[in-house]
Amino acid sequence: MLRVESLTKRFYGLVAVHELSFDIKKGEILAIIGPNGAGKSTVFNLITGTLKPTSGRIYIEDQEITGLRPYKVASKGISRTFQTTSLFDQLRVIDNLMIGYKWRTGLGFWNTLLHTPAWKAYQTEAYKRSMETLDFLGLADKSDYFVPALSQEEQKRLAIGIALVCKPRILLLDEPTGGLIQEETERVTDLIRRVRDNGTTVCLIEHKMQMIMGLVDRIVVLNYGKKIADGSPDEVKSDQAVIQAYLGGEVNA
Amino acid sequence: MKRLKKFSFSLVLGILTLAFFCTGAWAEEVTIGFTGPLSGPGSGYGRDNANGLEMAVKDINKAGGITIDGTNYTFNLKTYDDMIDPTAAVNNARRLRARDGARVIFNPVFNTIAPLMEINEQPGSKFLMMAYSSTPKIDELDNELTASIPPPFTAYVRAFADIAWEKGWRKCGMLVTLGAYGDEWRHAWKHHWESLGGEITADKPANYYTETDYSAQLSAVLATNPDFLLIGGPSEPTGLVIEQARNLGFEGGFVLVDQAKMDYIADVVFDGDLSLMNDVVGIAQVLDVPTPAVKDFNKRYEEKFGVHNTFEAMLNYSALNIVFDAMKEAGTVTDPAAIKAAMPEVLPQSAENVPTPYLGILETKLLVPATTGVIKDGEYAEAYQYLWWPEDEDAFEKYKKMAPSGIETRWLPLEGYTTD
Amino acid sequence: MFTKPIHTKLLYLVILAAALLLPWYVPDAYIFQIVTMSVIFAISTSGMNLILGYTGQVTLAHGAFFGIGAYGVAIMTKAGISFWLALPASALISAFIGLLIGLPTLRTRGAYFAIVTLCFGVIVWIVSGNWIELTGGHNGIFGIPRPSAIPVPFFGEITFFTQTGMYYLSLAFLLIVLFALHRLVYSVFGLTFMAVRNNEPLADSVGINTFTTKLVSFVAGNFIAGIAGGLYAAIIGAVSPTAAGYMMTFNFLIFVILGGMATLSGPVVGAFAIPIIMEFMQFLEDFRMLIFGALLILVIIYFPMGLVGGLRRLNEKVVAWRQRKTTESGHASS
Amino acid sequence: MELFLQQLFNGIMFGSTYAIVALGLTLVMGILNIPNFAHGHLYMLGGYCLFFFAGTLGLGYWAGMVLSVAALGLVGVLMEKFVYRPLNDQPHINAFIAAVGSLLFLESFALVVWGPQGLRIPNPHPQAIELLGITMSVQRLLVIIGAIVLIAGLHLFMKKTIAGATIEAVAQNREGAMLTGINVNRVSAMTFAISTGTAAVAASLISPIFMLSPSMGAILGMKAFVIVILGGMGSVPGAILGGYLLGLIEALGGGYISAAYKDVFAFAALILILSIKPTGLFGKREV
């Protein structure tokens, strides 16, 4: 579904991602793991257009999206979340979601100003879809809350919701459970599973191995910007290169 | 407590009644309005104007005000700051008219005079616009309730050119201020000087309001070897231009546009030292008009305000006196149209009463000589008053008799402004 | 989803009625003048608020666009074009120049954008003072004709020679502008402005073209400034470079910030409150700007959200506190 | 040729003033993130302080200059503490409003105390030197030399002293500096004092050539702002280079280009440059 071909990114001579190729298959949950500084977030930034690759190509269903601006990439059906929970924290919960849905609608300057019938339809549609998503996230009763009034876990869910509201084909999650305790992590994991079950392909970056092992279908392991392993959780767990990269540490944990 | 209040109230009432019967007439206070720049750039100029008005109000009150039909009127001056902002000027004028009851309002900047002339003829809130503005643009606005106080600046253009030509100067380098006034001056001077047969070697304007160093422009202008420089804007920076030109080795003459005052520059910039100001032509120093009225005004003015006396102050002083006389003549202090209509009746003013007597009025222009002076050999050497409105010799002789004596009077009719 | 509580609506209704009936109870021409000017400034300030408050782009060229509108109307009406044509045309010119300037300058952010727009403002100011053939130089353009009368069936016609006529003219435009802004701001489209202000990278990643959003906001804001400028020209009757000067921008900025950024009522409150306070301070004479400067600093320190913003923040805090309380009790019971 | 050399000299002299003023401004803007739009008015106040100490009190030019710098340093400390520090956690635009308030305050303060008419500080060095056919007054030479000395001194201070090092540390990472035990507030106050002090030096050097007026700082302040943004906020070399560049452009241009439009060219160039390089010539690159 999403294909990355020999992607390379250099920052001032420093190679962050080197000749990376992998693909994400429709309907799966893929995890990208690797030690700190392995270039995981950079890969996300390259896919979504936040950074421009030095070389290499990115395709979604055979359509090239290399180097497109982030908002263009989003409109191809690729949504993402950020490592640090990134929300519109000056706005209400429902507003956050409606912003996320906007590009799907024709809510432009003129029809907003003139309140055209199309505007009305779109606006209702955006609201309906946002409420649906809130229901899905379990935040429906908090739609009028301001973001700072939410708990950390709720904020994490909302961040996923913002990415999810526009019904993306692929959802890229950057550490969706970072900073959460065990119980909260499980709830978010459950949410991610339900997202996949609803038909959205998921790709995530995560550190919590235990969570990944139980959740994902496939793992891509990066080290120093290079792919060192690609396979099912069990295959990866027993891969020598991976164990070496982690110094035998976390993988077994 | 309540009784005390009642008591004091009746006491005040009693005193007031007593006062009324003793004077035998109502004493009323009439407000004269002023709005102009009292802070920010141009505030020095604004204050010169307002100070002249303040002197006039003080003097008329000291003389017991004016009496019309048995009613005695005294005056007070209300000044508001508009920072040359049209919005503020209109607000101030509305306030002066509506709150303070002013029927006569002074303003010294064309940018604010123009919007005021949009509202001074509105029914129900009419006022007489006393405009201290020398630009002929003011004549483009058709407005009955306006009188302009200074001579049109073109009168000075003619007068200064007359003297410069007489001195044998031919090549002129120009370094005048930017701005409405400077632009008009430059244009008019260029036109006139070239029509006389003179030459403009360079025209490098500079913004006198925002800049302090003119050596760049000066170096460029002086490289063309002019006989004299036409310079000027506000007095202080004009002084700096003279200093910097002399420092660059320039030994020719200067003609100062009428905004810059040579005596002010000499005193404020050069601390009274005239050595750098040789061959300067411009508006005469205040004391070049050798009448007792000027001497007296000058002395009292500098005592009262602690700043240098200027023609702005004296012209405003004299103009306000026209208003007082016209009120008396018209028999009203509230009808601006009647006051304006009475002005020709009270002119000319006498040189004994006011420092710069007005000799007549031509539609909206109050007629006053353009007084021009020259500094030579370290002293104020020559001074002339130019009459710019007499249309023929007879008229000139007539007005010459009215004008202050003791200073050479010249005739230089100005096209479009002549009368008998 | 974007509705206001009933008591707020009532308050607005009362204010609207008070505004419409003003000519019947205004004490004198002086107050009338200040109010009318405040209405015009409120229009312009609302436009600035769209750019600065809602979209978070600190524009310091607003006075310039106000000036472009003012000169536009002045030049066109002097050339004999009807005011009713000249006003929208000038606003469009203002918006178009905004587009041309926005295209390169909106690439910069924060303080850089502020200074670039300030520079543009200064350029407009200088050009308006020196392009004598077009703008009349520093003398400006004066004797601008009043708007021609509008014929009304069965009623005669509405004229614009009196203060009342001028007032209603400006008020009508203020209401139209506020109505339009209300539609924009309280909509999904309007949310994108706030999204850009609040979190540009996130907005970008959820499919919002942040550059276009900023540009639309900038152009629309400048269109509004152009309208206000055009009205100013017609009402003051003379336009000089002051109308395009950076002090005009600073005034608008002060109105927006002290009134309350990113609220529709804030700029209006600011545009009314500050000039009125300034007029009250006239008695201070020489000390007026001294005290005003100090006051400005104090107010910005103690009311950083402005007048309306302060009230709103208070309201939000109460709401958030209530929400948290219900959340907590909800947790406790489950 | 002589004309060109004369203009070059004028440009360097004026560029020196711009460089010092912009230098002070770039310190507070880059290091403290304070858009101190009132910087030009502090320069104006420096000039009036010199007038007060050297003229009114008659203490002489050099003593007056030292006292003026000290007085302005104190004003800087007070301003940082009472105006800008309370605004630390608020949006920059609020600090900008406070700056506008400050400049209104300072300008009317000068107006109330010293009046609107121009004031003259007696020129301590009225002599002139002729060299290569150009005229240089001693005071103008002094401006150029003074600027060089000040820039060199400031450079040594920043690089060789601990106080200077702490300023750099705060500039690079405010939170980090706080964690290592640097008193950030004190550094802020010190930076501000240096910034206002340099403005007083500039005013003291140049005001004997010109006249003092309450609004003399407005345009200079704006130009300094433009220089700082052009050079990149917080960039010291950017400010110095930008200052000299603007001085030279104005002097050489003032003789040749239209005086009315010369600022238009300068500001248009800035818009153009920032459109291409959105963080200035020497600015930190955005990540």
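As written, the chains take the letters A, B, C and D, and residue 1 is the first residue of each chain.
Definition applied: a contact is a pair of C-beta atoms (placed from the backbone, for glycine too) under 8 Å apart; a residue touches a chain by one contact, two chains touch by 3 or more.
The structure presented is a predicted model; accordingly, all values stated were derived computationally and were not measured.
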Path length in the contact graph (chain B to chain D, fewest steps): 1
Can you tell me which chain lies farthest from chain A, using the average of the Cα atoms as each chain's centre? B
Roughly how many whole angstrom separate the Cα centroids of chain A and chain C? 40
From the mean C-alpha coordinate of chain A to that of chain B, what's the distance rounded to whole Å? 75
Separation of the C-alpha centres, chain A versus chain D, in whole Å, is 49
Within chain D, the set of residues that touch 2 or more other chains is 107-108, 111, 260
Touching two or more other chains - residue numbers and ranges from chain A: none
Which parts of chain B, given as residue numbers and ranges, touch two or more other chains? 39, 178
Complete list of chain pairs which touch one another: A-C, B-C, B-D, C-D
Sites on chain C touched by chain A in the complex: 1, 180, 183-184, 187-192, 194-195, 197-199, 201-210, 216, 220, 316, 319-320, 323-324, 327
So in the complex, which bits of chain B are touching chain C? 38-39, 80-81, 84-87, 90-91, 94-95, 97-99, 110-111, 114-115, 117-119, 122, 124-125, 135, 137, 140-141, 178-181, 183-184
Can you check the complex and tell me which residues of chain C touch chain B? 28-34, 37, 129-130, 132, 137-140, 142-143, 161-163, 232, 236-238, 240, 242-243, 247, 275, 279, 282, 285-286, 288-289
Touching residues on chain B, where the partner in the complex is chain D: 39-41, 43-44, 47, 178, 204-207, 210-213, 215-217, 219-220, 223, 235-237, 239-240, 247-249, 268-269, 271, 307-308
Parts of chain D lying in touch with chain C, wherever the complex brings them together: 29, 35, 83, 86-87, 90-94, 96-98, 100-109, 111-112, 222, 225-226, 229, 233, 260-261, 263-264, 267-268, 270-272, 274-275, 278-280, 286
